[in-house]
Structure formats: structure tokens, C-alpha cells
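Note that the chains are named A, B, C, D and E in the order they appear, and that numbering of residues resets to 1 at the start of each chain.
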Amino acid sequence: MSAAPEVIAAAPRAGGCALQRGVLGIVLFVLAWEGIARGFHLPSYTLPAVSDILASIYAKRSILFTAAGFTLTEAVVGYVIGALIGVTLAVVITLVPPTRAVLLPAATAINSVPVVAYSPLILLWFGIGMPSKFVMVALAVSFTVFLSTLAGFDRVDRRSVDLLRSFGAGRLAILWRLRLPTALPLMAAGLRVSTVRAIIVAIVTEMLGAYGGLGWVIYQAVLQIDFVQVWGAIFVASAASLAFFGLVGFAERRIIFWK
Amino acid sequence: MSASPLTHPAVTPGGSAALRLLGPLGRLARGLAILLAVFAAWEALVVLFGIRPYYLPRPTVILAALVQTPAPYIQGFLRTLSETLIGFASGALFGIGMGLLFFRARALRELVFPLFIVSQTIPVIAFGALVVLWFGNTLFAKAAIAFYLTFFPVTVNTLLGLESVDPRQEALLRSFGASPLQLMTRLQFPTALPQIFVALRLASSLALVGAIVGEWFGDTVGLGVLLLQGMYTENVVSIWATLLVSALLGTGFYAAVAGAERVLVFWGAEQ
Amino acid sequence: PAADLTKATLRLKWLPQTQFAGFYVAAAKGYYKDEGIDLTINPGGPNLLAENLVATGADTFGLSGGLDSVFAARDKNLPIVCIGIAHQMTPFVFVARADGPIKTIQDFKGKTVTTWFTGANHVLNAILAKNGIDPALVTIQPQQVSVTPFVDGQVDVITATRYNEYYTIKTRMGEEKLRTFVAEDSGITFPRDTLIVSETTAKEKPELVKAFLRASMKGWKDAFNDPKGAVDTVMAIAPTLDRAHQEFQLAEAKKLMVAGKVPEKGLFWIDMDAVKVTQQLFVDAKVISKPVDLAATFNTSFLEAIPLADRKP
Amino acid sequence: MTIGHSGLARLAAAPDAASASSAPAGPYLLEMKGLSKRFGSVTAVSGFDASIAPGEFVTVVGPSGCGKSTLFNIVAGLEEPDAGSILRFEGKGCHAHELLGKVSFMPQRDLLLPWRTVIDNAVIAMEIEGRSRKASRAEARDMLPEFGLAGFGDQYPHQLSGGMRQRVALMRTFMFKRELMLLDEPFGALDALTRTMMQRWLLDVWRQHKRTILFITHDVDEALFLGDRVIVMSARPGRVKLELKVDLPRPRSAELVTSPEFIRLKRIVLEAIEEEAMKSFLASGAAAPQTDAMPEVQP
Amino acid sequence: MTIGHSGLARLAAAPDAASASSAPAGPYLLEMKGLSKRFGSVTAVSGFDASIAPGEFVTVVGPSGCGKSTLFNIVAGLEEPDAGSILRFEGKGCHAHELLGKVSFMPQRDLLLPWRTVIDNAVIAMEIEGRSRKASRAEARDMLPEFGLAGFGDQYPHQLSGGMRQRVALMRTFMFKRELMLLDEPFGALDALTRTMMQRWLLDVWRQHKRTILFITHDVDEALFLGDRVIVMSARPGRVKLELKVDLPRPRSAELVTSPEFIRLKRIVLEAIEEEAMKSFLASGAAAPQTDAMPEVQP
């Protein structure tokens, strides 16, 4: 099949010392930022100081946390829907091979359009409420999950399939006992990469029209020329992404223990 | 001994050889046939169920729009293409460079890598306004966003590729007295190339996303502009036409990168 | 001669359309060049704020959101100066169904009203306040990109710009099916589409500002006199636009631009009385923390330096 | 340093002499007559005839690519032979796919599922048969000591050495209780020493379980050490080149491989194989070797 | 079905008897005295003594993990031995790293670079030495027929069979013209038949090129068939367990492996190895075998 797994492996793991260095790196970066912003008296619309941003996050915490909850809801619901669609499609193609000739090219074609390009259409179709965000996130997630799951299903050793067949196993049994577990690592990689995308897509769509959420907060803050708040929302978004990513990564390590 | 190479089986099965010869053309024909079928089904669906045109216009209407006013779509295509190319190329070079640097300087990598990761969780669009402030209303502002989305996967995969070098292979070259530079050019970089290309293929789509999003920040030409315009004037036909052009651009660019990969990484990822 | 031209940019508030026809006509006909300006027109977009770009020097001129965003910018200490106002009256109308239950502003109570939270919401609040309606009694929601929810009857009142959404609703439903509520009927005027420059430009390059205003006025007058030509000019830049819509838009823009004191004072006139009223509105609504320095924010001297005959539409 | 031409000549008479004594009497468990299989223009197997009696241990050797695995795939029911081939199982003619689930098959690699413990890997075939999971697990646990896996039941494959993994794969094959077992180079991936240990152990297990085994290998020592009978296949398309009865006493011990009788049999098999290896090299389309010692077996 | 206890007893005297006759006279090319190497808490090699005379073909066998590759890494200059170890090359004492670029080393796998043609793979060592690319390519092209690769110079590794790849790797090693060649299980990945062919061919090439070869293998037949001398290593930590002179006539032909003298030597080596394999199994910490036939060589 032509759909190569496009899943980028996770960043190299960090050891104990590496962790310390990583924290040090972030601290240095923040200090440099603070120094530059304060030292050059940069106006907030160019680059606000980190301390100001943190202070603003604290001051506006209830707005930001509500918005983050809004965005996370959109991202997680869309993510789950997208993941289910992606896995289902891959299962259908595997169980009913003739569908591959139709579904795979169609999926690849739809996937060749950058997701954000769909947003105008989706907003027109589904309005600016949560449903349009669900659809956008699901769209972005489902293709990644679909392609990585299918690649996982296809990666299974032909000889293993033959072995189970020789035991009298049918397609479903082979899918359940062999293809699914084989595909898990690739699926998980797809799921992990999708977490960050889910949140970014939710925010991007919110900025084009929404009733709330971090993207909406950013949009409003830009209009009110409140760049400290823009940065505050970016910080919160980034933290939410990291948390979502970490959570899925943790679940992955628990489930795929044999790697 | 003028033998034929052994992997080309001495006798190639006739049927499959013919198929392979037909390969690219045949696949193209099949792809076009499927496309036509999809369009026909779509047209029929809209007509039969009387779907309102501002929900889903008929494909013939979309194609007609493309044919009647091709100029904005062609200009948009070219403009977005150049932004994508510049962002992609700079992101790829920077990504590979950082990968090499991180590979050689472990301490630096541990210091900077977490920042790279965090940077990727920032929604680009939040940056749009700032990028216009920093880079002005130029093509480079868009390319900068494409760059931002591109470099990270390339860095990660370059690093992973370099680290996947077989230590025995390295030992072999060292036993021949190879210097670090010789190791890099003759072993490490070529080994990493397949991995790098996986990232480049991904980056080709991301660069396009970056260019389109970048165009939402005040521009006159580009596919992103056409999308916005279509959205705010509720011109669904124009949105669809732009989607089709984006698909063309996306597929074409991806195919180009994949083609380059096939030529440069002719030996395949597995060995 | 190209070497003598001063480079400058104009940042619009939105994508190219005939709402900005005069500027495009002036550029196309070389009026800016005649005034010694090599002007680039940069469109806006969602998420872009002309005030910000002008304040930082990224753009020379800005056609910004309106008095609301000018006040907000000054409130945040952005060094910008308003040198003219394009739309002399409120460009928004509130639209309900003619055959629906909403006959007067009072009927907004208990109904769903959608509006943009980018300025139009202030107008809505002011209208409600003027009519003694507690905003809490009205369900105010952010407005969709599409007018479909209103057309489908999911929303009772929708906000529309006279030149954009109103046209879309009208073509989809028929004008006779619509009832409109205008801010001016409640004694409120909300001028929008303000021309701004940075304080530095205002101080150091007054001639440039005047030259820009002169050329722009010329462009606009041409656009009013030859709407077809103006639409052609804009459509050359954004060919995917709908011509009929753009013609309508230009006609509406003209109405907005020649309203108020413009017949006596000329295009882009800054009606300080209207400005003061609007500021009070914002202070009352706590949109800005304190009144701004009006003298520093609004500078009519550039307009006044142009002979009145040239300014009159 | 030569593929002795004298050897080839000498061999000409050998196969028939040897195979004359090799066919066991009685009703056969598996009979193959004129078995053929083409893949496109490649004929993998052509006119293969052999019969396996119940309880026999038959080993198959032959040059790489001669169709050994293809043969096994047919007998395991995974692939249909070409028209005209005759396949009889337990005295009845049948289609290959009817053998699915009736023959216990172990492929070239251990193919353990990394997410299953030793026990769960061993019971997978029974699980697919729909047998009670609990009962089959208990049964597997009881068999662990016999397979040298006592105490390893709850380990995962990646925690095992190559030899142990191979034993788990064998245990899985044994637990799928079918009269006929097909083992395709089960020890091919092991180093020479581990391999020797495993051979001796396999004979032990086979003696206790009394199954019929068809065993593919590349290694002549292994074929002779294990088999009641050795089938040497010709170069592609695979046919029977030589059937050789191995009249060595059982149980067989390590010293056997250096006994004169073993050496005598080994010489016969080696010469037959060498002739075929040479053929397969010539058939691969290469010109005659430049040195006298570079025949290439793999296509 | 046992690891003959009688065998172990008989062996007790054997090593010394055998090794007494094994040391060749004259100045040595390579001398190792008390060579040791620890990795953390694992002692891979400990007190290894051996000397290699110019032109000799010495083979090394030993259980898996006994430190053979570690030994080669030291001699190739890739790893320093622990303090107290003595390493002499061409009569002069030296550090291991001084040997980098002085010894021609071929690791366990062919390790061909997939993006280089056969020729370019063969010349990589010369390229690293800084020799003219054109000249070395021409030289490589001339050597192709000898290595059975005529006409394959511009092919890529993935187009070659396993045996041919191995020959390219050997060609690369030969083209790095150094007195001493270290070959670490060069045929380990080949099937038994290809392997036999390659052995005979290697002897041929060696005869013509007159190099000194140190050759690691797991296969006793291979060690005896190729070597002037066989060094059997003990289980980890690796020492010399047995040095055995192989007084078989050269050139050696395929029939040799079934000759009585060969069988006699094989028996000696097998017993020495089996004792060590058993030791290494017991040392691996596993419980005593449950059946009498499941020793495990790999830890």
C-alpha cells in the first residue's frame, strides 16, 4: 500500500542527568526572555516579560482555566471520535479487503488537503459552536490514526498470519489476536502525535469563530490589544498540550509493555 | 562473467513484469478513474437529494468556477507554493543542521531539546499577528510559519537516524582509521537519510498548512486568502474550488518529496 | 521619479472588497504616486489589528476597526493618532423577520440575538440601555460566520453590516421579509473605519499624511462617480468576489461615508461631538478604564489643511 | 577445492540404491503424488512424491529455494497445489485447505507473540480452537518442565534466550495436538552449540509424545541425527532426489555424529546435495565459476 | 541423550596433550599475554594467552558470550584491554588504539553500506586511507573475478545474495592490505550449503594472497576444515581452554570432513566445547535442567 506510516518517533528519551539539563535549559531560556524584555523595555505588543505573563495568568486564572476546559473538551471529544473513526476504517479495510481500493485512495486524497483549509467549510456547515471543533479535530486525528493503524495492521508478519491460519483461525481471530496487538505501537505513536494536533486544531478553529475557548480568548485579547493575555493563553495552551501528550504517552507505556 | 543480478529473479513472471511496466501510468489511470467516479457520485447525490448549494455545491459548478476565473487560483497556487517551498527548504536545512549539531553536542541537545518540544505545542495561529509584526507583510512572514512547523520533525528524525547507526558498522570504519568527519559523511549521514525523508514527507504537508495559515494574516494573494474570502462572503463554491487546488498542491508537493526520496534513498529504509 | 517617492503602506481592516474601493481606485489611478507616495495596500484578516501594526511601525497608515478599537488602543498606551473617519454612521443594523414576533427593540427581551464581540456588541448594549432593557434579559450570543442560523430561524435577531451580511440575508430571504433596527433611531451613532497613523508619523511627516488624505479623497470621489469602474478595480485584485454584491457594497459604503457632517465638512471628517458621545458610552460600559486624551488621539489638522472644496464629496 | 566430478559420477547410481530400502510399509498418514506448484512462471515444486507413515520422523534437505517451504505450506493447508496433484491425508484424498487446522505447523521462525506470556503463547492454538482458556493454561503449565521452561511460564518472549523461545514455539506446536507435525527449519536461527542441544532434546520429546514429524533443515548432520528417513530434494523445481533410510539405533547420543555408519550416510547425502547445489547454481543463469570454488546456492 | 559424563572425564587430560604440540616456532606477528577485559561487573576476557605466526590460519571457537568478539575488538584497536594485559604486534609492545588502521577487520555481519555499489564498498577502506579513488576502483575491478563477482561491480548490496554479500565484505577486507586479518564469524548468517562453498573458496583465496588470518566461528567442522590451529575458548571469562594443531593436508577438499583423522580431531574439540557449554549453562543461574536434555548455552 502507498500510505506509508508518517509517524515520527517520539523524541529521544531523557535520562536523569538529561532531565536536569532540560530543566536548566528552560530556566535559562525564561531568564533570557525576561532579561531581553525588561532590559530593552520592549512594549508588551512586541514581547512582554515572562513575569508579567505569569502574573496575568494568575490574575485571569478563572477566565483562562474555563477557556482551557472548553478547548480541552473540544480537543478530547474530537480526538476520541477521530481515533474511533480512524481505527474503524482500518478495521473495515482489513476485514473486507475489497474496500481498500476505494477507501484508501479516498482517505489519502482528503488527507492531502491541509486540515486548516477545511475550517471555513466546517464552520459554515456546523456553526461556530463546539460541533465544528469536534469535526475539525476528528478530521485531523482520524487520518493520522487511520494511516498509522493500517500501517500497523499491514506490518504484521505474513508468516505469523499463516501460522494462525494453520491453526484454523479466521480473519476476525487473526485481527484480534495478531494484527491489533502488532499494530498497537504504531497506533500509539499516531495517537500520541495526534494529541498536540488536536489541541492546536481546536484553537485554530476557535480563532475563526467560537463561543469560548483558548483560541477565542486569544482572538479577543488581540482585538483588545492585550498581548500579555495573548501570551498567557499561549502558555496555558502549551501546558494543556503537554499534559495531554504526557497522559497518552503514559497510557501507551502501560499498555505496550513488551517493547 | 556477464551474469544478470541475482535478485532480479532469473525469470521474471511475465504477467507481473508487464504490470510493473504499466505501473505508474496504470496507477495514474486508476486514480483518475476513481476521481471521476467520486465526482459523478457527488454530482448525482446533490442533484437527487436536492442538497442546498451553500451546503454542498455540485462539482460541475465548482469546476466551472475554476475555469471561468482561473487567475486567482493560479496566482494563489503559485504564491502559496513559493511560501511553502521557502519555508520547507529552510525548515529542512535548519532541522537537519540542528539534528547534526544535537548529535555531536549531547549537552547542548539536552539543554535545548525540551524547549523545541514545548515550542511545538504552541498553536501557530496565535503567533500570526506577532509574525506579521516581526517580519512585516512579506512572503517571508508566511514562510516563517511554514518553517516553524517544518523544522522540528526533521530535527527529531535526523537525530534518531544518526543514532540508529549500527555500532558495528562504525567500529568497522574506525578500524580502517576513519576520522569523525569521514564517519559522518560516509556512514552516519547516509544511514540517517531514510529517517530524514520520513520527516520530510510529513513536513511537506505541514509546510503547506503553515503557508495557508500564514496567509490569514493580511495578504492579497494565496490559497489561504481565497479560503477566508470564501468563508466570509459565504461563497461555498469558491471554498470548494480552493480546496481542490490545495489538494492538488498538497498531493503534488508530497509526491515530489516522495519522488526525491525514491531517487536518493534507492536502497530502501531497511537493510 | 520613482526614486523620489516615499514608501508607505496602508493596512486595511479586512480583505479586499469595495468597502475600500476608494483606496484601490486611488492606487490604480496613480493618485498616490502623483502625491509622491509609493503606497502598498495590505489587507487585514481575522486576528490582525491595524492599530497594533501602525503603532509598531509595521504599517504607515491604517484603516482600523473603528472608534472602539482606537479608544482601546489609546487606553493600552499604543501611540496612534486618528486622522480621519470613513463611516460617519453606524454600519451595523440588527435584523429580524418581518413576520416574526419582534416589532420593536422592546421585543428583544427573551429572544436570541447574535452579534460580533468585536465592536458591534457595544452598539447593541448601548441600544438596549437607551431603551431601558436589562441586557441580562436578552440572550446575546457570538455570531456565526454564516447567516444560515438566522435564515433557518434558529436565531431571532442577527447583526449585519449594511454592506455585507445584509446583502447575503436579503438575497436569500428577500428584503420584504426583513425588519431592521438602526442605532441612529435610538440616538446612537457609532462611527467606524477610522484612519490612523502613529504619533511619530503624525509629528514627523505631516506632509505625507496630508498627501495621503488628498489622494484617498480623490480616489473615493472617483469611486462614487464611477461605481462600475471602481468595482472593476477591486475585482481585478479579488476576482472571486461576487460582482452584484460588490456593487451593492459600494453603494452602501457611499451612504455611510457621506452621512453626518460630511456634506459640509468633507470626507473623513472627524465629528468630535459624536466622538465624545461614543467615548462616554465606552466609559459607562467599562470598555475603557478612563477617558482618553481626545486632543492627542484625534487630529483634524491634516484634514483641515486640505481645501474644503477638495474634501467635499 | 573442487565439487568432485568423480563424486557426481559415483552418485549417479546411489539414489535408487538407497531409496529402494526406504519406503515404510503399512497405511500412510500423508501421501503426496505428483505434487506441483507454480508461482507465475516459477515452478517451485514439480512432481513431488512421498508418503509418511504414522509415527515416523522424516527429515527433508535440499538447496535453498528448492520449494521445501512451499511443500509445507501446501500440507499445512495454506496454499493449494496445482491441478493434477494428489494429496491424501489419513487415507482420504483431500484439498489442501481442508487441512487447515488439522496439521500442527511450525514455521521457520519462532513467531512468538511478544505481548503474550510463555503460557499464553503456548495455548494460542487451543484458544483458536475455542477450548476453555483455563483448562488449556493449566495443561500448558503442566508441560513446562518437560520443555525445560519450568518457572518461565509467566515470562514474556523478550525475556527468553533464543533456545528457550524455540522451545516455546515447539511447545505451542505440540499443544496443538495433531497427528502430523511440520517443522520448518526450527533451529535455523540458533548458533551451532545451542542447536546441538536442541536436537537431542527434540528427540527426547518426540519419543515421549509419539507424533509424526516432517522436518526441514539445511544441515545434513541434523537431518541424519534426527530422521528415520531423509528426503533430499532436487534443485528447483523440487522433486525427490534421494530417499535414504537412516538405520541408526535410537536413542541417539551426541557421539553418533562421529560414528562410521553416520559418516557413511552423510557422505551419500552430501554428494546428492552437492550435485543439486551445483545444478541450482548453474540454473541461476550465471556463467561457469571463475575459481573452482564459488558456486552460489541462493538465487 | 546426555552430555556424556564419561566424556567430561576423558577430556580432563586432553587439552594439555593437544596443546603441547601446537605452538609454532619463529617470530610472531601478534602476541597476547594475560589479556583481560572487564565491562562493569562482567569480565569478558581474563588472562587470554596466544600468539599468531605470520601466514598462519588460526580459528577460534567457544561458547556464545565467552568474549571472542571482545578479543577481536581489542586486536582491531577498537577497545583497550585492562591494565596488565600485554599486546605485541610485529614484535613491538603497543596500545590497542595504535592498531587502528593496521589490522584488517571483518565483523560478524557483512555490514555493507547499502548506498554504495560493490566496487565502492570494496574500496571504502582505501578511500579512508586517502588513496586515489580512481586507482583503487580500477584495482577492485580487477579483483572481482577472483571473488566470484565479475559483472557485479556496479550492483548494489540489496541486489546480491547472502553469499555474494559475504564475498564483497571479504573483498573489502582483503583490499585493506594488512598483514593480519580478523574474521569474526564471517559465514555465520549463511545457510549450511552456501557456507560450505564459501569455506572452500576462502581457503583458495587465502592460499593466493598469503595473509595471516584469525577466524572466529561457532562451527567445529568449519574451525577444523579451515585452520592450521584451533583455539577453543573457555566459558566467560574467556581464556584458552585448548589449543589444537590441525595436521590435515592442504589443499583441503570437501571429502575431508568425513575422513577418520578429521573425525578424531572433531571429537576432541567437541568434548572440550561441550564441557564449557555445560559450565556456561550452569553459570547462567538457571535451575538444574528438568529433563536430562535441555542445557542452554545462551545466558
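By definition in this document, a residue touches a chain if its C-beta (ideal position, glycine included) is under 8 Å from a C-beta of that chain, and two chains touch if they have at least 3 such contacts.
None of the values given here were measured: they were computed from a predicted structure.
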Lowest number of touching-chain links that must be crossed from subunit A to subunit C: 1
Furthest chain, CA centroid comparison against subunit E: C
Chain whose average C-alpha position is farthest from subunit D's own: C
Centroid distance [mean C-alpha coordinates] between subunit D and subunit B, Å: 49
Centroid distance [mean C-alpha coordinates] between subunit E and subunit C, Å: 86
Subunit A-subunit E separation of Cα centroids, rounded to whole Å: 52
Where subunit D touches two or more other chains at once, by residue number: 290, 296, 298-299
For subunit B, residues that touch 2 or more chains besides their own: 1-3, 6, 54, 125, 129, 133, 228, 230-231, 234
For subunit C, residues contacting two or more additional chains: 46-49, 52, 56, 145-146, 148
Touching residues on subunit A, where the partner in the complex is subunit C: 43, 45-46, 120, 123-124, 127-128, 207-211, 219-220, 222-226
Residues of subunit E that touch subunit B when the two form their complex: 73, 76-78, 100-101, 103, 105-109, 111, 113-115, 124-125, 127-129, 145, 150-152, 155-161, 164, 176
Residues of subunit C defined as touching subunit A within the complex: 46-49, 51-52, 55-56, 65, 69, 72-73, 76, 78, 117-118, 141-146, 148-149
Partner subunit D, residues of subunit A touching it in the complex: 157, 159-160, 162-169, 173, 177-178, 181, 184, 256-259
Residues on subunit B engaged by subunit C in the complex (per definition of touch): 54, 65, 69, 71-72, 125, 128-129, 132-133, 136-137, 216-220, 225-226, 228-235, 238
